[in-house]
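A quick write-up on the structure given underneath.
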Amino acid sequence: MISQQYPALLIIAPLLGAFVVAVLSWVDKKYCFGMAVASLAAATVSSILLLIDVVAQAPEPIVYKLGGWDPPFGISYYVDSLNALVLAVISCVTLVNLGTVRTAVNKEHPGKEGSFYALYLLAVTGHLGMVVTGDAFNLYVLLEIAALSGYALLGMGHRRAAFSTLNYLFMGTIGASFYLLGVGYLYIQTGSLNMVDIAGILTQTGATMTVLTAMSLIFIGVLIKMALFPMHAWLPNAYTHASSPASSLIAPMTTKVMVYVLIRMMLTVFTPDITFSMPPVTETMVWLASAAIVGCALLALSARNLKRMLTYILIAEVGYMVGGAWLGNTTGMTGAVLHIVNDAAMTLVMFLAAACMAYRLKSLDFDDLKGAFSKMPFTMAFFVLGAVAMIGVPPTCGFFSKWYLLLGGVQAGNAGMFGGYVFCGSLILSSLINVVLFFRVFEIAHFEPLAQGVDDHGHPIRPKIPMEEAPPTLVGGLALTAVALVVLGLFTSDIVDVIEAGVLPLLDPSLTDTIFLAVTGS
Amino acid sequence: MFYQIDNAVLTLVVLCALAAINIKDLLGAGILFGAYSFMMCLLWAVMGAVDVAFTEASVGAGVSTVLFIAAVFRTSRRTKD
Amino acid sequence: MKILAIALCLLLGGALVFVVGDFPDWGDPMSPPNDYRLSKHFIENTMEETSVPNIVTAVLADYRGFDTMFETAVIFTAALACFFLLRTWGRRPSKPDNVYMHLLTGVHVRLKHGKTLSPQSRTFARVESEILRYDLVTSTVCRLMIPFIQLFALYVVAHGHHSPGGGFQGGVILGASFLLLAISHDLRTLRERFPEVKLMYLLIAGIVLYSGVGFACMIYGGNFLEYEALGPLMGVTPVMAHSLGILFVEIGVAMTVMATMILIYNYISSLGTYERGL
Amino acid sequence: MTILEIIALCFIAMGLIFFLGGTVGILRLPDFYSRLHAAGKLDTLGSLNVLLGLALYSLAPISLLSVLTALKILLCMFFVFMASPSATHAIVDAGMDAGMPHWRKR
Amino acid sequence: MIMQSSIFPLLAILAPLAGIPGMMSSKNANVREAWTFASAFATFALALVLLPGVLDGTEYTLTIAPVIPAVPLALKVDSLGMLFAMVSTPLWIVTSLYSIGYMRGLHEPNQTRYFCCFALAISATVGVAFSANLFTMYLFYEMLSFATYPLVTHHQDPEARVSGRKYLLYIVGGSIGLALPAMIIVFSMAGTLDFLPQGVLVGTNIGAGLMAVLVVMFIFGFAKAGVMPFHSWLPAAMVAPTPVSALLHAVAVVKVGVFSVVRVLTGILGVDLLAHFHLSTLISGIAAVTILTASLIALSQKELKRRLAFSTIGQLSYIILGVGLLTPKGITGGMVHIAMHAFGKITLFFCAGAIFVGAGKKYIPDMVGIGRRMPVTMTAFFIGSLSVIGIPLTGGFFSKWYMLQGALDSGQWIFMVVLLVSSLLNAAYFLPIVYKAFFCTDEESLFEPVVKEAPIHCLVPLCITAIVSVVLFFFPDVFRTLAELAVEG
């Protein structure tokens, strides 16, 4: 039965695809792209079919035993609505991006398209694997693949890309080491690596010192990898200097997947009982997220380059998700997961728009954006749509996750967590700052270059800027994703249903045993 | 086994690590890292993890040192900080 | 800044050491890692389930074979990343100088503007540069040693499920033997034996062998990497199929690791041109 | 304690003495070349002795397995005997190439 | 009350959007404007189809998408929404006609963009009118904000840039910074955002303090209503072409703001609940301060469009004041004033534009004697002023009459005084213009005989609206019935 193999297929297809692409790059370069798209499409299809299957049999998760070994002994995949949704989103986003960036790849990596696509597929494999896996150590291995291919993709960029990627490499390695150390501590305490199995043992042992240390190590590691505000310094440089196809892959994917890992660790491994057992910690995390939101929004104000600005907004969005997850109520958690979905789409739109602009403009510094509305009207139109989503205006999807997060914040505040109100305040503030940020870009692209003199009718004479749009494939992909923002927004209730099917059982102690049974069979 | 040997090797591991961090000469750092790996290999072997020790010896003490040295030769021997 | 970093390190290290007090005792048979069903299961059942005496290898390549596949993929990624980042074309001067050495005297001759001597010449040999001299003792001894090293490496690969060792170690040793060749002679010698394309194919073939075995299991009706499914194909019992599957997988790992080691060394030492190195 | 073991222990002890001498030489000799001299010669000899001693030691209850082990150790000896001096030679050669000066008595 | 599902409200919203591709792809200006008219008439017709049903007490509903559980994206045509649609859709036709004359007369660049954004704005306005819940209204409200930005900054010069900034700062800042949190608070308390006749907060344990805070957040949050101190975007936005100003200040933008406030006060917070907490004084007080201040500032403005802008600020607060009185008469008056003021004020703006097209004058002191050269325009201006001041024989009287009655009913005499004083102030800043335009000696006249009326495209619309302003005095039944239906719930 092929339908039982979806969890494996969606990892294996891009992995094998990467190898085939690597061979093809030595045989004939022109087949690389087609092969990459085909394998990623296979993964996307199986992830979507998997999502349908999982939703049909919720809340019981789908368990896939790799090597045929029963869960605690071998590695097993563990797919519930939560990660099935993230899988579908990540695979769709990467597929659309891959289909779109071909011309940009040809322009930016001449002669190395084959290895670019191979690394691209490997990065996708790593991230998908991190989401689908139910094994804490397997997650680390996939983290390595994702990180390594990410370093390679980001490092091959403009002037200072290699150096800023080196910083990324250091921070990424530190983060991964923290995670590994945490898993080691967990193993010492539990003797198991299967997430659900660990959770089962932890409910018996309770929050011992070792478990708490493991928890903090894992969370610190994951927070470094996702670049939450005080640990964010590596991200802006790495993403800014990278080539546009690489950054439009990594930016929508990496931070979101790491947020998913955080949520998975919070809910499945440590269970809400332990995770939210210390109110000061929970409160601190929400404050930290609020600080991240506001701080990064302010840092974004200081940026003079479009891509740098976007990276700071990206980090601020990480704060949204982390804060939502730590609010400690269902609404906030739903908002956080919903924002994973929406932010992946929004970030993709923004970075694809940046890629389109980078294709035609000299650079993405604000000074070089003058006249962009005249030069590339379609790109800019979709950029505006993406910006509107980032600001959080209905009916684009950005509004709805913000809605849930705000609602969760108010609920948390009403439940006595003052941080909830602070979180709401910082969300609103960051939305306002986003308005300023994006309209500053629009102003430069719309008003400048300023008029020279006045014509007979008293109207200013604006310099004629010929239309010079990016290649149709790039703009086409951008259009598709931009429209998807609205579509996602209109289908919010369906997405929320899926999310709640995934999150509610995890938050509900009475259902924990059911999942444990389903996964370990004992 | 003799825990004194363990302790001695452990001390050497820490010393090698500190020295590798602090030394200005990158070539020296690479070689110290090789020594560090070798000490780790000893530790693994003492603890009975022969497979790990084997890997550490071949990868850590062997090939990675060669790669470090090759990289140092192709770049610069001095660190900036 | 540096003080802050040191303080953070000390703080973290202190915390980690402090928590060690909470650990189960070292080697305590009742501690969770030893007492829990996982370790017990591996110790008691590995031989019956996989017919592999070395439990480490069994866990590595069978119970957690999926992890190992991705570790191999990490190695593959590293090689690909080095290719992607370091490989350069067209930066070499159009007509490089060639350096030849008179084998008997060791005198170096530099021919400008790309002129060459006959490759078949018995008295002159082309060398990479005049700085690194061709040393008779070293090169001869290395040429003597390298076959033995490679033999040993193959033994490590093939004997991985009976004694310590396996694909990783064997592959590294195999790769190291070629690095020794490159160091004792020069990069050109290695390059002639292993052109870049061949290495790349080897690199990919290794990991494809691994994941291909896994995929074949899927095609033959098992889960991914469920070697039992291949039993009928290979004509052995399911338990024996595990053992054989592990062997295939280890060979794949060795191929990838070896190719990676050589490739990375080549790219680093030749500055990405894959021409002339250290 | 059998005679074989005593002989083996003698070899091992002798090897350790050579090692000691080599270490003292590395520490005390004045320049690069003479230190390498000590390291190359005495370490090789020391390890040969130790390995030989170990080979004999492992023969003690003689059987196919122990003979095989002894043979493996002898193989190791062979390789050490080949590799160690030529490595020393290569290092000295590199030192000459790099222009490392000789030590001269003042 | 009869509920009936109908696709027409959605069609009415989509009709202007449907014209946009046609406008963008038109090679010829006439074809483009044909598209504009087609979609304008289509929108009006679609709204008109629903009018009889609404007058009979039917409500048309349509759920587009269940975006958030309990808060769907849904449309509802009730009497208040229909009232607003009846104001905005016919005026779009008139404004389009006027735009053509104005834009062609002045040879403005980027006319295609202008007409497209205009259509977008109207679509959003109709959307606000037909929203079934606060969320849907917020959606269209924001859509309107972003659609009008290119209109405000049409000239793309530094002055437009500054105005655009101010516009966004107040409008978007208000909606995201104040209205959205208020909406979240309401939702977290009530669990729904549907507009209900008695408000959604009935039955929750809301206190007077929070209620007052919500009132303030909504009134200031919907900054398009121009309540002081959130008004200064309005004079700044005067840099836009005059038809845009007409759209902004008479039809779409400000009215959407006021309409939103009215909707929230009646449908979300609930009139009875507001009265229960004695918040009438708060709402009306805020409005009264704005009315008086804006009228006084208007007196001192030299530029005609700026004077009209401050007049608008004052008049908008009439509506809020009327509703804030929380008496049936007052609310009816406030709602009817939406319509009456729209027709009066758009006439005035059309006239200002016509003067600019015909004579090139912007400042009031330069307009001495203009009535002799442009008699039609200035007559219309006179009628418009009368309507805005609220003098009988024009529609404006009607709404003010209701509001005065409402103030009497509520027993808050002070607001009656405010209304009367501000009417006097209105007269003080409008009538001198008209007087100077007609009654001056030949020496005083600043105009040569060559100055003629503006093009016919400009004249026809302003005549139409002026006539409608008068007609509304005699036949106000449609708007009055709709408002009364809305008040009765």
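For this structure, a couple of remarks:
Going in written order, the chains are labelled A, B, C, D and E, and every chain counts its residues from 1.
Operating definition for what follows: contacts are C-beta pairs under 8 Å (C-beta built on N, C-alpha and C of every residue); 3 or more make two chains touch, one makes a residue touch a chain.
Keep in mind it's a predicted model, so treat the numbers as computed, not measured.
The set of chains touching subunit B and also touching subunit E is empty.
Highest inter-chain contact count (C-beta pairs) belongs to A-C. Averaging Cα atoms per chain gives one point for each, and the point farthest from that of subunit E is the centre of D. Centre to centre, using the average C-alpha position, subunit B and subunit D are separated by 22 Å. Chain geometry summary: the mean Cα position of subunit A and that of subunit E are 43 Å apart.
In terms of their C-alpha centroids, the spacing between subunit C and subunit D amounts to 29 Å.
Mean C-alpha positions place subunit D and subunit E at a centre distance of 99 Å. Counting only pairs that meet the touch rule, the chains in contact are A-C, A-E, B-C, C-D.
Contacts from subunit A toward subunit C in the complex involve residues 5, 8, 12, 15-16, 19, 22-23, 26, 64-69, 72-75, 111-112, 115-116, 118-119, 122, 125, 129, 137-138, 141-142, 144-145, 148-149, 151-153, 155-156, 162, 181, 185, 187-192, 201, 208-210, 213. Note for the complex: subunit B touches subunit C at residues 50-51, 53-55, 58-59, 62-63, 66-67, 70-71, 73-74.
The part of subunit C that touches subunit D in the complex is made up of residues 131-133, 135, 137-138, 141-142, 144-145, 148, 184. Residues 54, 56-57, 60, 156, 164-166, 168-169, 172-173, 175-176, 179, 183, 261, 264-265, 268-269, 271, 278 of subunit C are the ones touching subunit B in the complex. If you check the complex, the residues on subunit A that touch subunit E are 384, 388, 391-395, 400, 403-404, 406-407, 410-411, 414, 424, 428, 431-432, 435, 439, 443, 446-447, 450-451, 456-460, 462, 489-493, 496.
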